[in-house]
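Two complexes follow with subunit A in common, the first pairing it with subunit B and the second with subunit C.
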Partner chain A sequence: MIVKLLSGDKPRSAVLTAVLLVILICLAGAPFIFDGVRPLDTAARICIFILLVASYDLLLGYGGIVSFAHTMFFGLGAYGVALASTHMGRGFDALLAGSLAGALAAVVLALLIGLFSLRVRAIFFAMITLAVASAVAVLVSQFSGITGGEDGLTYKIPRVLTSANRMGEFLGTRITGKTLNYYLVFFASLILFLLLLRIVNSPFGRVLQAIRENDFRAEAIGYRVVWYRTAATCLSAAAAALAGSLFAIWLRYVGPDTTLSFEIMLDILLMVVIGGMGTMYGAVIGAALFILAQTYLQNLMGSASEATAGLPLIPDLLNPNRWLMWLGILFILSVYFFPSGIVGRLRQRRAS
Partner chain B sequence: MSDPILSLQAVHTDIAQYHILQGVDLEVPRGQVTMLLGRNGVGKTTTLKTIMGQWTAKSGKILYDGQDITRLPVSARARGGIGFVPEDMGIFSDLTVEENMLLGCTSGPLDSARKEWLLGAFPALGTFWNSEAGNLSGGQKQMLSIARAMAEDRQLYLIDEPTKGLAPAIVSTMAQALRELKGQGASILLVEQNFSVARALGDSAAVMDDGRVIWTGPMAELAENKDLQERLMGLSMEAH
Partner chain C sequence: MTAAPDHRPNFASVSLAERLDGALPVLLVPVLVVFGFFAIGVPSSWLTLTVSGLAMGMMIFIMASGLTLVFGLMDVINFGHGAFISVGAFVGVSVLIALGEWTGAASLLLNMSAVFLAVVAAMTVTGALGWGFERIIVKPVYGAHLKQILVTVGGLIVIEQLIHVIWGPDEIFFNRPETLKGAVTFAGAAMEKYRLLAVAVGLALFIAMRMVLRRTKIGLIVRAGVENGPMVEALGYRLRLVFVGVFIAGSALAGLGGVMWGLYQEVITAGMGEKMMVLVFIVAIIGGLGSVEGAFIGALLVGLMQNYVAFLEPKLALVSNIALMTAILMWRPQGMLPVVKAK
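Now for the complex of A and B:
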């Protein structure tokens, strides 16, 4: 049953299985295991980024396609929900219509970019995605009458998904609409992740891997490489847009910085590389580690800085403002020691 | 020669600024093994790659099964029934042997009788069926490359030096498999430097020099005539 759910793609490492289980249990029970708003917000972000990073892994890890437009698709999904909720009023119909419209817009845009640029060399595709993503980000900030510009949009979601909806207590935890909202994000991310896992383990996924390794050989066997690459781009864009929709439902706010910025694109790249490209499970490890570091590294460094206050230089180095430097060092170390990502490394250990 | 499966008419191919094929005329009869011979660097591999579409012919015509395929995309040529085994094998090393074989079937699942035949011809593939292809030895990779091309029934096989650098035991396995493929009525255009394999398999031969076909005739005639071999290829094939 579980193997079937995972499409036969088992973690293939005892340590990896254990880590994945811990992450799954923590995310599944987050409202009951952790107290407060911040841990729940972090858990929701991890769920959403697992989906977003997995959708990028389909493109980069399985298809060998470097794209810089992934946050654009993420943003399209988020703005779809925001605009639908703004214009249609709060309601599940607005969330559904916004999500579908965002995903559809992402697929159409991905199709256009793919058909125009996937025939050319990989570097040109990457540059075209970068140009289109930058253009969309500029358009979103310029058309402030529609998108809210740099300020973004704040909107209402169905009351049943907000903290105002009090539903009593369960296992000593107060259950509110926010808890329901979290489980909407959790289960939607989980289902879409399993769907992506199914796609990469299907004959379609095998052809993508073959194309990544040697596109001419795949073509010479009889596969239309451009068609497969375009299809992968569209599927990946749709999944990213749905992740964006979930983010918008969770935050009740969208803005260029939270959904369209190039910094998020770099974060996605780092998460894929740290977790392990072409593994899908790498997205889970990469997103969980990265977002935990992003959220708690500053706190950890603050405590460490205070604890070493009497020592020379060290408190300065551990100053919370330097957290990006330490994240950078962590990234360099992880690439140096785990060139095939954490998942790749764990699987190698098992193989050896 | 009536109704060949493949016919090249005055095919010219450039690679970057180099004019490699300089008017190749070649016919591959149906159901026969045609050996493409010649010294290194005369354009044998470029001929196969031009037929497959990796290099586009600058001029001339390539007719396959009566149809002009000169401008067709590579994948359309493959789906039309041409199987290509390149010299560098081109296996997908991150995928398992099974996955490589399944990729060879573009129109459906791997036929069980065909699988049985291929695993009988190349037993090593059965042993490493679930292993990553990148972990196979050179000979096993070559077997996989050929078996993958044979995974589906193709009308024409273009095979580039399948026995190059292989141990004698593997060469005989390979030759036997090609013999069986020939026995099934497949048409094969084979570049092969191993003379005993070429003599055993070839029905006809085409010898190339300087980007052109300079001689065509029965393989047996070339195999028996050392003077002809010296004249055409600058060496006696018996020495190889």
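Now for the complex of A and C:
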């Protein structure tokens, strides 16, 4: 049963299995295990980013295609929910319509970009997605009448999902609509993640891996490389858009900084590389580790910066705003020295 | 007996379309200019916009030329190129600010020597940075596109953040040198002096680059290397050395482009290079990766398009360039002047 749920793709390492189980249990019981608002928010973020990073891994790890437009698809889903909730009023129909419209828009856009760039050279894709994503980000901030511009949009979600909805107590924890909202995010992410796992372990996923290893040979065997790459792009865009919708439902706010910025794109890249490209479990570990570090490590950097205030240059380097620089260095180092990421390392140890 | 070849010679004259085929991309620029004339309708604004479009195009070309050559030679795509643009701008502008007395004076000689020093400083620093970047970041990942993209993006972020550490987090505003301020009026159209200078510098650089590539031995090796690298190496030339040279020159040119763009905008931010990279990539793609002439034509098209559309419908400026790229890729999927690689 469990093996079937995982599509036969077992973690293949005892340590990895244990870590994955711990993450799963912590996320599943987050409202009961941890106290307060912030841990719950972190847990929801982890769920959403696991889905987002897994969908990116379908493209990067399995397809061998680098895209810089993943935040754009993420944003499309988020703005879909936001716009639908603003114009259709609060209600589940608005959330559903918004998510579907966002996913559809993402698929259409991915299809267009894919057909234009992938038929020539895979490397065009990276450059073209960068250009298109920045154009979309500029458009979103310029058409402020529709999108709220830099300020973003705040909107209402169904009352059942907000903390105003009190539903009594369970195991000493007060159950509110917020808990319900969290489980919506959790189960939606879990189902979509298992779906992605199914996709990469299907014959389609095998062909994709073959193309990654040697596209020329895959074409020679008789697979339409362009078609497979474009299909992977569309699938991954749809999953990213749905992750965006979940994010919008959870946050009740969308803005260019939280959904479209290049920084998030970088976060996603780092999570994939650290966790391990080409393994869906890498997305789980990468996202969980990264978000925890982001939430709690930045405080540490702040205090380290204050502690070294007397020294030259070092406080500037340790300033929490320079977080991105250390990420960049970490990123370069992990591409050089751990190209297979944490999951790859764990599996390797078992093999040797 | 083998069958007769498909090719059948005949006496039909070459059609006009076939004659024009090679020149078509070059003709696109005047076509766009004429089209802009009718779309805008007011000759004086059209002239102003054309000059600023050409100036912008020249600056983008300066930034893009290095990127496209590096790709042609070694199949290396450098996403960190944008960092050199920013670094060049910051170094150059720091020199200009330090030489405040020279730039404030109303003397052409003093102003020009200040700008010259700023450019030299910027190009030296970015050239050296390019050399380091090549050694540390690019060298270990030759031949692996995926890793190249990831690692150079990482390099871009680190350099951008280091700019924040060194020059502080805020954008820097400054004034152009005295004699470069103001505009010349010609036929009722105001043309900023600086833009005219930028057009002149860009044109001179393009001609010089073409001369080097076409008339000198090193240019010959570079062109041959783009077309068929292993063959050039087999003939005994150390292509790696040539490549490092081209990488350094390309980085220095990106620095020059950064200074010029900074002077054009009169404000610099650490993120400016990243923003310019979008246009640089569009230019490199529509020109045909690896082709300097293609990048030149592409840059002029992008610059003109950006300025015309920004005048007609400000919100669509960047989108218009994506549309331009889409249209050109539909017409020629490899770019306007694709580099023919020997197999």
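Here is the rule we go by: the second predicted complex is superposed on the first by the 313 of 352 C-alpha atoms of A that agree within 3 Å, B and C clash if a C-alpha of one lies under 4 Å from a C-alpha of the other, contacts with A are read in each partner's own complex, and residues count from 1 in each chain.
We take it that contacts are C-beta pairs under 8 Å (C-beta built on N, C-alpha and C of every residue); 3 or more make two chains touch, one makes a residue touch a chain.
Fair warning: this is a prediction, and the values are worked out from it, not measured in the lab.
Engineer: Quick one: is A:220 in contact with subunit B, with subunit C, with both, or with neither? Answer first, second, both or neither.
Structural biologist: After superposing on A, A:220 lies in contact with subunit B but is clear of subunit C.
Engineer: Per the contact definition in the header, classify A:131: touching subunit B only (first), subunit C only (second), both, or neither.
Structural biologist: second
Engineer: Per the contact definition in the header, classify A:209: touching subunit B only (first), subunit C only (second), both, or neither.
Structural biologist: first
Engineer: Tell me which of subunit B and subunit C touches more residues of subunit A.
Structural biologist: Touching more of subunit A: C.
Engineer: List the residues on subunit B that touch subunit A in their complex, please.
Structural biologist: 52-54, 73-75, 78-79, 84, 86, 90, 92-95, 99, 102-104, 106, 148
Engineer: Using the touch definition from the top, list the residues of subunit A that touch subunit B in their complex.
Structural biologist: 203, 206-207, 209-210, 213-214, 216-225, 278
Engineer: Looking at the complex, which residues from subunit A come into contact with subunit C?
Structural biologist: Spelled out, the residues of subunit A in touch with subunit C are 60, 64, 66, 116-117, 119-120, 122-124, 126-128, 130-132, 134-135, 138-139, 142-143, 262, 266, 269, 273, 313, 316-317, 321-322, 324-325, 327-329, 331-332, 335-336, 339.
Engineer: Going by the contact rule at the top, pick out the subunit C residues touching subunit A in the complex.
Structural biologist: Where subunit C meets subunit A, its residues are 77, 79, 137, 140-141, 145-147, 149-151, 153-158, 161-162, 164-165, 169, 274-275, 277-278, 281-282, 284-285, 315, 318-319, 321-322, 325-326, 329-330, 333-334.
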